[in-house]
Structure formats: C-alpha cells, structure tokens
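Note that the chains are named A, B, C and D in the order they appear, and that numbering of residues resets to 1 at the start of each chain.
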Amino acid sequence: MKVSIVGASGYTGVELIRILSFHEKVSLNQIVSRQFAGKKLRSVFPHFSKSRYEDLIFDEEFDLDSDLYFLCLPHEPSLELVKQLTEKGKKVIDLSASYRIKNKNAYPEYYGFEHKYPDLLEKTVYGLPEIFREKIKKADIIANPGCYPTATLTAVYPAVKEGVISGDKIVVNALSGISGAGRALKQQFHYPEAFGNSYAYNPVKHRHTPEMEDVIKSISGKNIKVRFTPHIIPVSRGMIATVIFETDLKKDQLVELYRLEYRYEPFVRIVSRPPQIKDLIGSNFCDIYVDFDEKTGQAVVISAIDNLGKGASSQAVQNMNIVLGFNEEECLKDISLSSILFP
Amino acid sequence: MKVSIVGASGYTGVELIRILSFHEKVSLNQIVSRQFAGKKLRSVFPHFSKSRYEDLIFDEEFDLDSDLYFLCLPHEPSLELVKQLTEKGKKVIDLSASYRIKNKNAYPEYYGFEHKYPDLLEKTVYGLPEIFREKIKKADIIANPGCYPTATLTAVYPAVKEGVISGDKIVVNALSGISGAGRALKQQFHYPEAFGNSYAYNPVKHRHTPEMEDVIKSISGKNIKVRFTPHIIPVSRGMIATVIFETDLKKDQLVELYRLEYRYEPFVRIVSRPPQIKDLIGSNFCDIYVDFDEKTGQAVVISAIDNLGKGASSQAVQNMNIVLGFNEEECLKDISLSSILFP
Amino acid sequence: MKVSIVGASGYTGVELIRILSFHEKVSLNQIVSRQFAGKKLRSVFPHFSKSRYEDLIFDEEFDLDSDLYFLCLPHEPSLELVKQLTEKGKKVIDLSASYRIKNKNAYPEYYGFEHKYPDLLEKTVYGLPEIFREKIKKADIIANPGCYPTATLTAVYPAVKEGVISGDKIVVNALSGISGAGRALKQQFHYPEAFGNSYAYNPVKHRHTPEMEDVIKSISGKNIKVRFTPHIIPVSRGMIATVIFETDLKKDQLVELYRLEYRYEPFVRIVSRPPQIKDLIGSNFCDIYVDFDEKTGQAVVISAIDNLGKGASSQAVQNMNIVLGFNEEECLKDISLSSILFP
Amino acid sequence: MKVSIVGASGYTGVELIRILSFHEKVSLNQIVSRQFAGKKLRSVFPHFSKSRYEDLIFDEEFDLDSDLYFLCLPHEPSLELVKQLTEKGKKVIDLSASYRIKNKNAYPEYYGFEHKYPDLLEKTVYGLPEIFREKIKKADIIANPGCYPTATLTAVYPAVKEGVISGDKIVVNALSGISGAGRALKQQFHYPEAFGNSYAYNPVKHRHTPEMEDVIKSISGKNIKVRFTPHIIPVSRGMIATVIFETDLKKDQLVELYRLEYRYEPFVRIVSRPPQIKDLIGSNFCDIYVDFDEKTGQAVVISAIDNLGKGASSQAVQNMNIVLGFNEEECLKDISLSSILFP
C-alpha cells in the first residue's frame, strides 16, 4: 500500500515520516511541501540521514498514486483537499479540524469559515479508535482528533458512556507543550520569551471545546458543557488534561469502570499515580489516573498524552492501521525515552 | 531595627537575604543554619559576593538580639520556636505552616503532628496583607501564607467577600515551579527526570486545601469547599492558580468588583490577558485576570505569583514592613527580568 | 539629567528601562520604538505596571531634549544616528556594533557595510570600563561592547596586559543563552525546536572575533589571534567563555595576577570554582575562574556574565554612570535570583 | 541468546531495557537491581507498561543463565564482576570505567582504586566499533567507552590515524546533558538549581582525559595530550565535543579525509552544518562537522551524540550485535524525535 503526506514539513508531518519509516506494510510514496519542494528529506531535516526515506524529495503538488493521504494542512486548504481526494476514491486522514465537528454551524464561529461540504461532513468518522473503532474500519474520511479533545475525551468516555456524570457540565484544565501550536513563528513562542514561562490562554473560548462537546453528545445524547481552560507549559511535547465532574460513584467504582472499559485497549493504560508527560513522549499511549474527592463529591480524572503522538501523528497511523486492515499496533510500539521513577 | 533569619540556607531563607540586602530600615543581625554554621555567606553562596551581607557568618544557634525573626524551618521545629521567641517578646514571621490553620484538628490529619499551642494559634494573624492588613499591624505572630493559598485566596477574595459565589464549592487547578518543593533532594526533582516533565500530584488531598478553606470561612462565614489539583511544571519559580466558580455576575461586573477591591493595593495588578509567570519572577506582585464563561455560567479567575516572592519571602518582608511600621513597599519594588510581549 | 532609549522595545532596550527605573540621578525622558509608537509602556509590557515608568508612551521619533542617548538599534541605523546626535553635542552609548572596531576595513567583511565616519570611529571609546575607564570618562561616543567580547576580554585582559601569553593565539569556546540573538523571530529559536537543543554556530567566522582581536591589539600591541567557537545553550540569559592560552606562569601566579589586576573593580569577582551563569543573571557582575593545566602548559580561564547585563544593558548603564560622573555602582547592585549551592 | 543487565535501574540500565525490548535476536533474561528487587519493571517504571518486558521482575542477584552480561554498575563492583563472569566463560560488556584504560597506573590517580586484574585489562577490547570493530568481534570483555571519549575520539580518529595533527596537543571543549552524571541525587542537579544554569567543571583534571589519551596513543603511537574542559548544559540528554587541533590540511582535504574514513559506517554521519543535539537524542548516531580556520591554521571538528545512546547504552548494544554476530544495526535504527530545521 502506498501513502502520501500532504503538508509534510510541519511538526505533525515530520512526526508521521518518522513513524512511517518503520512501518512494514506501507510505503511512503510522496511527501508534499511547497516550502521545501525539490529538496531531499535529509537535506532539510538532517536527523533523517541514514534512515529509510532520507532520499525522498519533497514534491510541490500531490499526485494520485497513493491509496491513502495524510493531510497535515491548515483548516481551509484541507477542507477542499478532502473533497478532491474523496472524489477520486482515495482514503483520507485529515489532521486539520476541517471535518471534526458534525454541527456545521460551529465552523464560522470557531474557525472563521463556512463548511461547504455538509454531505462529506456527514460521512466523516471521528478518528478516536477507543470510541469509534468499528466506524473507522469502514471510513473513507477520518477526521483525526485535536490533541486536547483526544486527552479529554479519553478521560471522560467511560463515565459519559455509562451515564455516571451528575449535572450538565465538566471542568477541564489542560496543559500543553508548545509544539501543539505548530511550527509557525510567534513572538510568545520565541525561546527567550517562552523559556521559564507558563500561562492560561483563550480561557473562555477555545476552538477545541465544540469538538469535545460534539463527541460527548454523540456518545451520551446529552448536552454536557465543557468548561475548558488550556495552559501553555514550557516543554516541546506533552499534554495533561485534568477533568473534574460530579458523580455518585466512589473511587473504587470509578477505577473499576475505567479498567473494564479499556481492558482490551492496546494504547490506554490506567495508572496508579497521576500520569507524567515524560512517560508518553514519542509513544502512542494515553495514560489515565482516576480518583474521587470525598469532600466535594467529584471525580478527578487525569490523562496524559504526547500531543504530537496520540494527540496527532501516531493516532493518525493507528487510524490508518485500522482502516487499511493492518495490526493496529504496527509500528506504534515505541516506548518513551523517560527515566522517571515512581515518586 | 534588627532582624534574624532562622533556617537561612533554604530557598526562602536565601531569597530573604537577597531582598533584605536592599532594605534601608532594618539590618540583618543573624543568619542561622546548622548546615553551614561557621561559614561566610559568600563562601556558601558565591552570588552574594560584593553585596551587603557577603561577610555575614552563618550561626548554629539563634540569639535574642533581634527585634523580629523570620522562621524558614520545617513545621515542627517552627511550632516550638514560635513559642520560645514569643515568650521573649519577639515578633515572629513564620514561613512554615505550623500556625496557619485556626482549626487545630487539621494538623494531625494534614501535617502529622498535634498542635500543642492552641492559645498561640488563636493570637496568630494570617499574613495575607490584602485581606488582613489591619490585624497584621498589631500582630506578634504572623503565619506567612503558603504559596498555593496566596495565589488562590487573592484570586477569590473579592468574590468571597462580596458573597457572589453561588453554590458551595470552587474548583482550583494550580501550576507550580519546582522550587516550591524546597531544597531537599528527591528523585522526581533530579534534573534529568524533571526536565521536560509535568504532572498533577496529591490530586485529592493537598495540605494547602484546609488552609484555603479556613481563610475563606473566616471571610465569608461559609463552608466553601475547594476542589484543588496542584501540578508540577518544569520551571524553577512561578505559580498559576486557575479558579472556577458559579456566579450570577457577568464579566464586566466581575472585573469591576475586582478592580474596586484592589484599587489601592500596591502589589495586586488586574491584568487584561491571562497572567504569565515570567511577569512575576523576582517581584512581590500578584497578577489577576478575571473572565466569565457565558456558556456554563462560571467565573474564570486566573492569578499568578512568584512562589518564592509573593508566595513566600517577599510577602514575608511585606508583612515585616507592615508590622514594624515601615513603608509597605520598602525594598519590594523589583521588576521581573521578563521580556515578554503582549501576545 | 535626562536620557533616552532609541530602539526601546528589543531585549536590551527593555532591560535598560528596567534598570533605569531605579536610577536616582537620571530620568528617562523618552523611549523610542516605531513598532509600539503611541502605546504606554505598561500596555506593551505588563510587567512594568505599577513601576516608575509605567505610563511612559513609546515615541516614533527621538527628540533632542536628552543629555545622553542609548542606541539599541541595528548596526546601520545606529551608524547614522551616532553621527546626528554627536553633531548636536549629545553623549551617545551605542549598543550596536557600528563603532566597536577601530579598523574600518573589518566592517564590509563582517557586517556588510562600509563605515562612512572614520573620524567618529577614531573618537569613539570602547566601553569596557575595566580596561578603558579613564577614556570613558571623557568620551562623547561610547561603543558598548558585544557580549562575547565582554566575557572574553575580561578573561584575558590581565594576561594580555602583563604579556604572559606565549605564542600568538588563544582558543575561546563560548556558550550563550538565546536572548543574545535578539527578539527577531527565527525558526531555530522557535521554542519547540530550541527546547533541549544545543549546537555550535559560525564556527570559523563570527562577527565578534575582530572586535576581540582589535582590543587585544590595542592593549598589547601584538596580533594575537582568537580561535573562537560560539555555542547556543537552551537558556534565555547567560554566557560563559572558556579561554585557553599557553603561558609560563603557574596556577598561583595566574590567580595572583588576576586578583591584583581586578582588586578594586566593583563588578569583577575572582571565584574559586568555575562560575555558574545563574550566579550572574540580572546582575552586572563578571565572574572569573583561573586555573592552569600542568600537563599541557596552558592556562584555563573561565568567565561568566549575563549577556543582557554586563554583556549589554547594565554595562551600558555602568558606562553612563562613568561618563556622567555618578557613582559607578548606582542602581547596579542587583543580586542574581540564584539559589545555587557551592557544589 | 540470553542477556542480563546488572545494575538495571540506573539511566544506562533503563535505556538498555528500552532498546532491547525491540531486539529480535536476544531475550532479556534478567534485570538485576538491589534497590528494586522483587518488583515488576512496570511498577517501578510505568512507562514500560504494555511493552515486551513489563512483567519482568528485578532480581537481587545475577544468575549464570545468560550468554552475555551488561554491567551498569559503579567502577569497583564492576571490576570484580567482570572477573567472576569471565571465569565462568561469559561475555561481558562493562559500561563502567573499570577496564577502559590499558595503563593500570591511571586507576589510583583518576579513580581511587588499584586495578587488581592487569591480565584481564590486557585482554579487554575498547568498545568503540568505528575504531576497534575487528577486535570487538572476538572479545570476551568489552569496555564500553565513556560518553566524552566516544564523542571526542570519533571526532579525532581520522586525523589521528592519518597523522595529520601537527604538534602534540588538541583542545577539546565539551558540553554534556545532566543525565551523564547518573541518577544519584546531588544538590547541583536539583531541578530548581540546575534550571537555566550552565558551567564548566573539573576544568583541568577530568577522569575521561586519560581514557582519550590512551586510545589516541594506541592508534597513533604518539603522546598527544588532550586539554579537556567539560561543561554542564541544562538538558537531560545530549553531548557536543568541539575539537581544535593544528594541521596543514585545508577544509576540503579534512572533509574528504573524514568522509572517506567513515564512508561505510552505519552510525557516523558527516554533516554540513554543526550538529545539533536534538538530531541525536534516542539514536545511536554520531554526527560530525569538519571545518578549518584559515586565520589560525587550526581544524575545528565538532561532534554530537546522545550521551545515553552512542555514549552509553545503544553503543553497548552495537557492541553486543558485533560480538554475537548479529546485524550491527539490529534494533538501533531509531530516529530522533527532533523537528529541527536546517537553520
């Protein structure tokens, strides 16, 4: 099978090249990047020297020789490209947000454009395998989830599915490494300014909130609101979501519920102390810790992922493995370089 | 006036020496540290060379020549020392937790010791000047607040005081630099392991929770519960508290409430974008951002401090300035070294 | 006395504002920045709120009301401005490189422009007070040294002056925090890429080399060549220069030579273990460690500074204090926030 | 084939477990650690959950069931264990320094112990495959090189071998991430103190110097002295060696010499800009940049490695692959997670 990466020079594209370098069932047919068109992979990114695709040359335009396309583009170009590729019968895994939300009215408000293809939106499957695996198997268009929604939804799915959340809202505080903001230069991410710094941003209106609420509704049928505050932390990669919700279950029941739901999942680990991002970097795992605050009657569920791994590129490969019928774990077994002790 | 620092070799003690090096009204009479007894300040901490107290020698035991004592000791030794010094008529500013909580029953549960001096506990004033300035002026024992309580209480005080919090709980997620854990060596704070790492800890039972609830009750008379999740972020200094509570006020009303309450405060700044910890490092400021989530009906108040500054040592000096009758801002005008742009 | 900062929004300009906020003898008359013209200091840089110059408004153009001008501009605009201001009888401290090198032929090769004002170049004094203090007192134009030359020249000056360097070359390896590259955005300084990274750059031809060689020649009369390799380290501020040269002196003699030379210097500290950059951040000190390798017959001299402090802005203030006849230490007594133990 | 790791809980031991988790030709028979004896790998290091050896239990003592032993122990215990294992006919790869230097007189001076087994020292092969591959194939005892010697020797080998270094000394300045100092807690590596810090250490007498000089002599027959200054940089992993030596060759000749020497090496890459440590993390590569300073007549060779990779554990696996007759690249194809652009 042949695959292409369109937008291959951003962080998610480069991470896809790294992962696919070890995939035994697919070959990387094309890497597309206007910025680097005509250059060899190894001359732009020297760390790929002496690896499988070192001599691959960035193309300016995509061709139609591949079976599946990873789109690592901004939202609007992706909107169009999904349509073009689908019409040619190609499978598409879209890492942008352009097909993530079923409710098309959310796009103008949160992304600033009209969604012109509601029919395609309807057919798109949200690529969170732990929730939608069966649908992913048959999908033509897979909307690869945002990093915050991946961490948050994996942390609430068992509770949402079993209907154990009391009330109509959850509070999510999340921390993200800066690679989540992409490779485009910004003053606040210039090293001397981001070094040693941390802050909340978009505290009442973040684009990923409707994506979370949309999926929660599709699981539960309920309008559960997400009070979401994202924070920047000064690391390159890594993400934590701390989720608080009211519930009548106690700690043991909650832990049991989560263990049961995820018992066969290859990439979800229920851990016995709050997860540390260093345990996840470079891997496709999502670690989840479950606790209960007796005093306030609230569950505290904390999840962690690599925002470029399970939060983007390795999850995209997991989706590819599913939709192309490979072993879901193929080339996704990397262990974090971490050397963290259990505190 | 003469002052002493007992436990002068930990992070808060060293920061006190740095700040007091520029205080024109007090002289540092004694720095006490068993570990470094007999050594000159500059030989242990070379960065003090060519500064005011470079030749001061660490003493093994404290004498009684000072007017005021800063205690930078573990909780239990501090418990005793406060008593001894008070009996000699000395003013004490205690940076440990040993006199912070009025309810003496909290000590065995949260700190593992019985509080033997309930009478002194009664007389102690909680050293958060923005709330208890008038009492601090006349205090003999000042319990210098914990860093998390400082950030959180400053963020909720106007709302608590005016009774605009609906319901009986608030959700606080906080981020702390690692200096907050002190200078004692621990595996999880060994550089190669803490580098690039972040995680929640003590997610349902942190020692600072009763301290917060105790003060909130003393202001409001109500039992408002704090759902508190602290997180480690990989910086040396800096702290953020993101506070969520239900309220009927809207954004403009909330901002107005906060501006009004803090309008004469020299060290509280109401800021127009979420505060960044780099704006605070080395200063005594607390920056507060106020917002409202229309969708969930919740206020989002975000505060930031330097955990060793307003969260410990510079706040202790602010308390000293108040109790000794100096200008409250004396030697506390440092500006952060930050070069952060408004994003 | 009134002073102006032209180019007040870069790192060195902002650091000058911070330092001058505490200067009792001068008032900051004007801060000039095209980018932020018309905006208040505190609205662009919120960490200046509640400080002395918070309400100062950035001007688009400089006026002639000040006695002394700090130029924090790119090299070519600075070249012209120095001329204009000098003609009006103003004192100028130029933080660019445009007047640093006496040999005007070096400019086209290293900076890409012809130096049009050799007469002004002749009159300019190189603003390294430890070497040129007497000349600085009477200067009209002070070329504030580069950060690498400051660290290197301070480390070699006693040896060069006393003629104890054998042979005709020294080897300098230097490490610099990223703020040394300024505030302009570059891909390699985007946080996710610079995080955890380090590398040498310009390994055989760095702009600061002729500046170093020029000053060494002016002291010794000899053409001593500098083999200079700079490296980026992933911190915001801080610089180390490790200097190796052949000599017949032994360790004790070298240490004695350095102690003697710098015995009255307020900002040079001869330290007994290799200097740590955290001891210098935010200060105007230069720490120097002197050793001798018996096996190879080479001196090893290691210096450290804050590249934005002694390497730029606080050194500029030191020069101002000298040229305007103030106490040289005025408002330059900051102690690093460090809490480093002697290892 | 079965292998054991003795001292499996330090950084090099844990990294070996990670790498060997993907080796198809050997099985990890035993992980030995007194500290964690009786505990499962995944309970001590949760990031190994759901990986191949997650259920392996740390043993207190080693058994004799394996074919090859990796020793990740302090120097003195390793000295003895090599002897014991060799007597039983086992292959040993020793990651300590206890057999690295042929000259046994260096041990008391640099390591503080007498080397009791000069006969074994004689038989030991120094495990730098790029230099000693043929000897490694037949070795029973392989002394795995130190990280600084690996970076330095790889950078000088072609020049030393071809005799193009003029004079009798080279100057090496090296930068190391803190994991190189191991997992034992030290004040200067406590996160709040190491954060943002950098400094030289052991500037005239570092233990790795005789190891370098010993190998250089064994290649060239000459006593070339190494003037070595190591520096700590605030990252977890990564190492750079900047090597300066006099030579009559020009840049093109030097580059050609290095390309030729290393043209068949799978893990050495001659790069066209100074290497960046992020290109190496988690990999077994050594990147080398070669340049020449016309002005001083000196070569500038800069190499970079992951100190825990090519500088320790992955090099140990490379040695194992050679001595056990496997494909030398087996399970060593990891690509760094880097996303660094060519600047």
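Here is the rule we go by: a residue touches a chain if its C-beta (ideal position, glycine included) is under 8 Å from a C-beta of that chain, and two chains touch if they have at least 3 such contacts.
Small disclaimer: the values here were computed from a predicted structure and weren't measured.
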Note to self: Taking each chain's centre as the mean of its C-alpha atoms, which one ends up farthest from the centre of chain D?
What the structure shows: B
Next item on the list: Report which of A-B and B-C is connected by more C-beta pairs in contact.
Entry: A-B
Note to self: Please tell me the distance, in whole Å, between the geometric centres of chain A and chain B computed from their C-alpha atoms.
What the structure shows: 38
Note to self: As a quick test, compute the distance in whole Å between the mean CA positions of chain A and chain C.
What the structure shows: 45
Notebook entry, point to check: For chain B and chain C, what's the span in angstrom between their mean Cα positions?
Noted result: 36
Margin query: Using the touch definition from the top, which residues of chain A touch two or more other chains?
Written below: 11, 179, 183, 186-187, 192-193, 195-196, 234-237, 278, 281, 338-341
Check: In the complex formed with chain A, which residues of chain D make contact?
Finding: 11, 14-15, 18, 21-22, 43-51, 179, 183, 195-196, 237, 266-267, 269, 271-273, 278-283, 285, 287, 333, 335-342
Margin query: If we count contacts the way the header does, which residues on chain C are in touch with chain D in the complex?
Written below: 169, 171, 173, 175, 186-188, 192-193, 196-201, 203-204, 225, 227, 229, 231, 233-238, 240, 242, 244, 274-278, 281, 289, 291-296, 298, 300, 302, 304, 339-341, 343
Checklist line | chain D to chain B touching residues, read off their complex | finding: 11, 177-179, 183, 185-187, 189-196, 234-237
